[in-house]
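For reference, the structure is listed below as structure tokens.
Labels A, B, C and D are assigned to the chains in the order they are written; within every chain, residues are numbered from 1.
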Amino acid sequence: MGILVDRETKVAVQGITGKEGSYHTRLMLQYGTNIVAGCSPGKGGQEVHGVPVYDTLEEGVRHEKAEASLVMVPPRFAPDALYEAAEAGIKLIVCITEGIPLLDTMFAFQRIKARYPDTKIIGPNSPGLIAPGKTLLGIMPGNIFKGGKVGIISRSGTLTYQIAYELSHAGIGQSTVVGVGGDPLIGMRFIDLMKLFNQDPETQALCIIGEIGGRDEEEAADYLGTDFNKPLVAYVAGQTAPPGRKMGHAGAIASAGEGTAESKSTALKKAGAVAVETSYQVVEALLDVFK
Amino acid sequence: MGILVDRETKVAVQGITGKEGSYHTRLMLQYGTNIVAGCSPGKGGQEVHGVPVYDTLEEGVRHEKAEASLVMVPPRFAPDALYEAAEAGIKLIVCITEGIPLLDTMFAFQRIKARYPDTKIIGPNSPGLIAPGKTLLGIMPGNIFKGGKVGIISRSGTLTYQIAYELSHAGIGQSTVVGVGGDPLIGMRFIDLMKLFNQDPETQALCIIGEIGGRDEEEAADYLGTDFNKPLVAYVAGQTAPPGRKMGHAGAIASAGEGTAESKSTALKKAGAVAVETSYQVVEALLDVFK
Amino acid sequence: MKTLEHEGKSIFSRYGLLIPRGKVVDNSLEGKKVAEEFGGEVMVKAQVHTGGRGKEGGIKKASTPQEALQWTKEILGRKIRGYTVNKVYIEERVNIEEEYYLAFILDRSSGLPLFIISSKGGIDIEKVAREEPERVRRLKVNPLWGIHPYQVRREALEARIPSSHLTPIVSAAMKLYEVFIGEDALLAEINPALLTSEGRLVCGDSKVELDDNAFYRHQELHNSLESYQEEDPLERRARKEGLSFVKLKGNIGVIGNGAGLVMSTLDSISREGGSPANFLDIGGGASADKMEAAIDIVLANPRVNSLFINIFGGITRCDEAARGIIAAIKNLSPQFMPVVRLGGTNEEEGWRILEDSGVEIKVCKSMKEAVIKAIEYKKEA
Amino acid sequence: MKTLEHEGKSIFSRYGLLIPRGKVVDNSLEGKKVAEEFGGEVMVKAQVHTGGRGKEGGIKKASTPQEALQWTKEILGRKIRGYTVNKVYIEERVNIEEEYYLAFILDRSSGLPLFIISSKGGIDIEKVAREEPERVRRLKVNPLWGIHPYQVRREALEARIPSSHLTPIVSAAMKLYEVFIGEDALLAEINPALLTSEGRLVCGDSKVELDDNAFYRHQELHNSLESYQEEDPLERRARKEGLSFVKLKGNIGVIGNGAGLVMSTLDSISREGGSPANFLDIGGGASADKMEAAIDIVLANPRVNSLFINIFGGITRCDEAARGIIAAIKNLSPQFMPVVRLGGTNEEEGWRILEDSGVEIKVCKSMKEAVIKAIEYKKEA
């Protein structure tokens, strides 16, 4: 199995009747994801691509035993979806929604942590995660991934696809690929996922795709220096980004003097990672690892 | 020792430089209470009746090892005093203050319960508690109490003094007397204290002084019918109170059909208590118990 | 402190809850004018601090401005459950499809806000709970978690509200919680919560109880409320003096220190065959000034023909209390002999002071004796 | 979104924080008039979206209305760190006893509001933290517990603020937290927080950053803010088109889908010796309309002499993306040959469509090749 999810993982889609929700439900079903339920208030009793829809997620969990959920609702309804999922007993919540007010995220994380400490959240503003050939929870294009032995943790969407595509072409498959989300406040962070990859027998090397802003890469470097025991290749995007400017999404912003691509790369290098300077060097570095 | 407190209990007074705080600190010291510290922002370094004053309670706990605290500050500062005491590590907070907005009390209780589940709170709007001959935490007139074997739990102030006075005169001393507070939302309730009295070897009988409003007496009756194994005499004041009217303090109000003195007395009687109809029958009933 | 319907609705409206257009009037001509403004079809509603207005003829439908005038005239000045109607609320009518119930109340037992929702509104919620319990749901709200739409949806569906009505119901419930927390309410109730044929949720009535202790946070609002003006004048005066006073139906005036002690005094009077005229707690201290105000208020009740002062001396000693009582009685010289019972700290000195004062007082040592004397000593009516 | 000083102060004031009287003016005569109104002694402060105004001559003391006129005249129109001063804030002076620092900031690492307090204000807090760390305290606020006066007192005392100043400091910090939560702020800073000789705490400056994602909750406020008018005109246009655009200093115009991909494109260009003119993320979909707007914005920058479009086809397939690119380029007919790199789903069909289109495009298959071509293909300036 991949980390966190496998072929059997029973998935619910929150906001399944929406345009995005319904579209990606179809793509995920095609990929083989075991979507057992959807929810959408006022739409209970309908079906979306054969998936039963409930008014509340709690019914989806009760009747269909959903274990993981995908949040695909507009930003102002997303916090409610997180609370609902946590209370319904969902153990892995993948929040795709972009644009949630940060204090909403902050309160939701704190409340869920206090009351349901075992609930894991990926995102918000995450493309989801994929265990290639097994299951896909998110909006990633499944066809470009290939099963294999490299784990990927990334703060980016398209860049991850780009790198995974190149890896697949070069014959390097992926065990699990996780997009942690592009927001400044996210649930599972690099370090949380590194711990899972560290214990995952399928994963023989890890690739981290970082960005300017925050301290996730620095934390990863700290962890790498202590307990992590697999080869790690890292690329941190944004070496040319001017400080103080938001690059595309909310989380990608470096404050003066800290959270720059350079400082992050340096920290990772010092801790023993192969830190490369362009995305296309990731493949070379991983080929080196497996030589 | 009494329940909750004994001669050695180290007490801090929050609001010690206020008029009430300073006055009752003197009375408590005279009674023998081991007051080790007081706090009052901006007054750190002073002394009140020989008790060192700190700017923050945390310093009082750190330097003087205070274990219990008395809250004697005006209503709008009282929630802060509760939070401060809980975070400082105080295990028993006795809140004398009357007139705290109920939602402030509600939030304080919920937050403290979530973060410091072992912290006990008595009150708000409590006259405090006394272990006669040992220690006094509160504004009760110490001289009318007498050490002995009857525990008293009461929602009232003066009425408790009246009954304790009559008991003392009749030769029936008290182990510990606790005023739970006259507010609709209180910390320790009848049932919580009954559990402590149940285990207290010094207490051979219990006297409950109830009032209209709420469900504390009914809860006490439920507990009495199951686990409580000492004689219990109860008086519930307010048999003539018109429903829907607040009698003196915020907690004493019976809603239509529930929380009346009659329904409470009946519940207690059914559970095996001796429920009397006037305060002066309490002494007779307890004399009967010890006959 | 309880609000009138229109006051509660104006609070609701500030939080974004929908209310019908409405205006308060105190004469029938104005009632007509407002009805005209609203297009003729209006509700005419007595504004009084009591429930059950409908049954007592305090709520009427008018189909024309002239009818509104007539109903306003008929309702104004009327007595509803002891409350005189001084103001009437003229409100536009809405197209009602369903009547629901929504409320938050501070629950004493759990110490939490309790959310109550029912698919049957417009009548007493306790009655619905008894007769159709499956249509009422209660949810204890953990305030650290908050209340969120999914909880309202779940409870609404469980209470058998159709899922097509969820959106306006959820929105209203969330706003009502904001009212509850934001205004320091002990109760915030919408009953009926009207689902209109346009699919909006409109507050048909309001019931709000505010926490007097939180007055300082909402001074502007509290001062604007009409309620204080409508209490019993003696109760109003007592409140101003800082005394806790409740008028009862009997003839024995009672003053004591401490709510429990006063309540137990009333209990004892009833048990011994008497009938108390009031509850009056002077609180701690028992100074001569407070005692004087207390006696004055108690005696201002024309039914009172006996006076019983019951003081327990704790920290305030009985000798101090005795001096206060004597000073007060000297100043007021009541027409009948007060019964005074003093007990507690320094009681013997207190008794001596009372007895040596030269003032006509019946001094009693035990409560039981005092109660019996107070019943005997009533002035012949 | 960051506010100007006077905008932040007006927010503070709504929450009960004290601010000096002040007025915004855009001409020197008005500056004089306001100074007269305030009694002559005023501060004249440039309103620009950048720090360090003082050092750049953007903040001046005036002792007479005439001086205020002069300073206003001198400051208006000036450029401060790239920002033109269009407005000046005239503010009354207060009697300063101490300058403190208070702020709440959303801390990414802990995911919590961070309270920062210092006994040294008026200068950059990071500098104080480096040089006198004992005078700065940081407290992570658990939002479920809240922040309470005792915490502020404790941190203030630890930061060496004298206990006689606690009351106004505590009150201001509590209100600042309300601003932070109530306005969806990412940063709410008072620096300096002026303790006046009258013992009040007055906000000497304001620094507020609001969360754009929470716009819908604060529409009135956000619409009233001046900040949007002052961005680069191209950035403003991009925002309106829903594109994420940041102007840089080079000459190669870059368009891509996905923030990470575009950032990595910029990284590659720099590494291969080129210099990017901008960051532009068109997001998902890559429709012809969006592509056209993107190219138009990139080419509107006169420094641009090369265009690099880098698209990874995921769910949106490369063939769709290719058709969009061709339509956009046909409409705009740029003066130099665009380098297009397509990769991912259906890439071969995408390449074929581009090559068969008849439009002048250099099609590249790998990113590295594309980057090198984009550097080579720049139009001779």
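One rule holds in what follows: contacts are C-beta pairs under 8 Å (C-beta built on N, C-alpha and C of every residue); 3 or more make two chains touch, one makes a residue touch a chain.
What you are looking at is a predicted structure, and each value in this text was computed from that prediction instead of being measured.
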_What's the minimum number of touch steps needed to get from subunit C to subunit D?_
2
*Which contact partners do subunit A and subunit D have in common?*
none
*Calculate how many whole Å lie between the centre of subunit B and the centre of subunit D, each centre taken as the average of the chain's C-alpha atoms.*
56
_What's the distance between the Cα centroids of subunit A and subunit B, rounded to whole Å?_
53
*Measuring from the mean C-alpha position of subunit B to the mean C-alpha position of subunit C, what distance in angstrom results?*
27
*Note the residues in subunit A that touch 2 or more other chains, in rising order.*
107, 111, 114
*Scan subunit C for residues touching two or more other chains and write them down.*
144
*What topology does the chain touch graph have (line, ring, star, complete, other)?*
ring
_Chain pairs in mutual contact under the definition given at the outset_ = A-C, A-D, B-C, B-D
*Of all residues in subunit A, those that touch subunit D in their complex*: 27, 75-76, 99-104, 106-107, 109-111, 114, 139-141, 143-144, 154-162, 165, 182, 184-185, 209, 211-215, 219, 235, 237-242, 245-252, 261, 277-280
*Which residues, counting only subunit A, touch subunit C once they are in their complex?*
41-44, 55-58, 77, 79-81, 83-84, 87, 107, 111, 114-115
*Mind listing the subunit D positions that touch subunit A in their complex?*
106, 108-109, 111-113, 142-144, 181, 184, 186, 211, 213-214, 216-217, 244, 246, 248, 256-264, 266-271, 276, 279, 281, 312-315, 343-345, 366-368
*Touching residues on subunit D, where the partner in the complex is subunit B*: 144-146, 148-150, 153-154, 157, 163-164, 166-167, 170
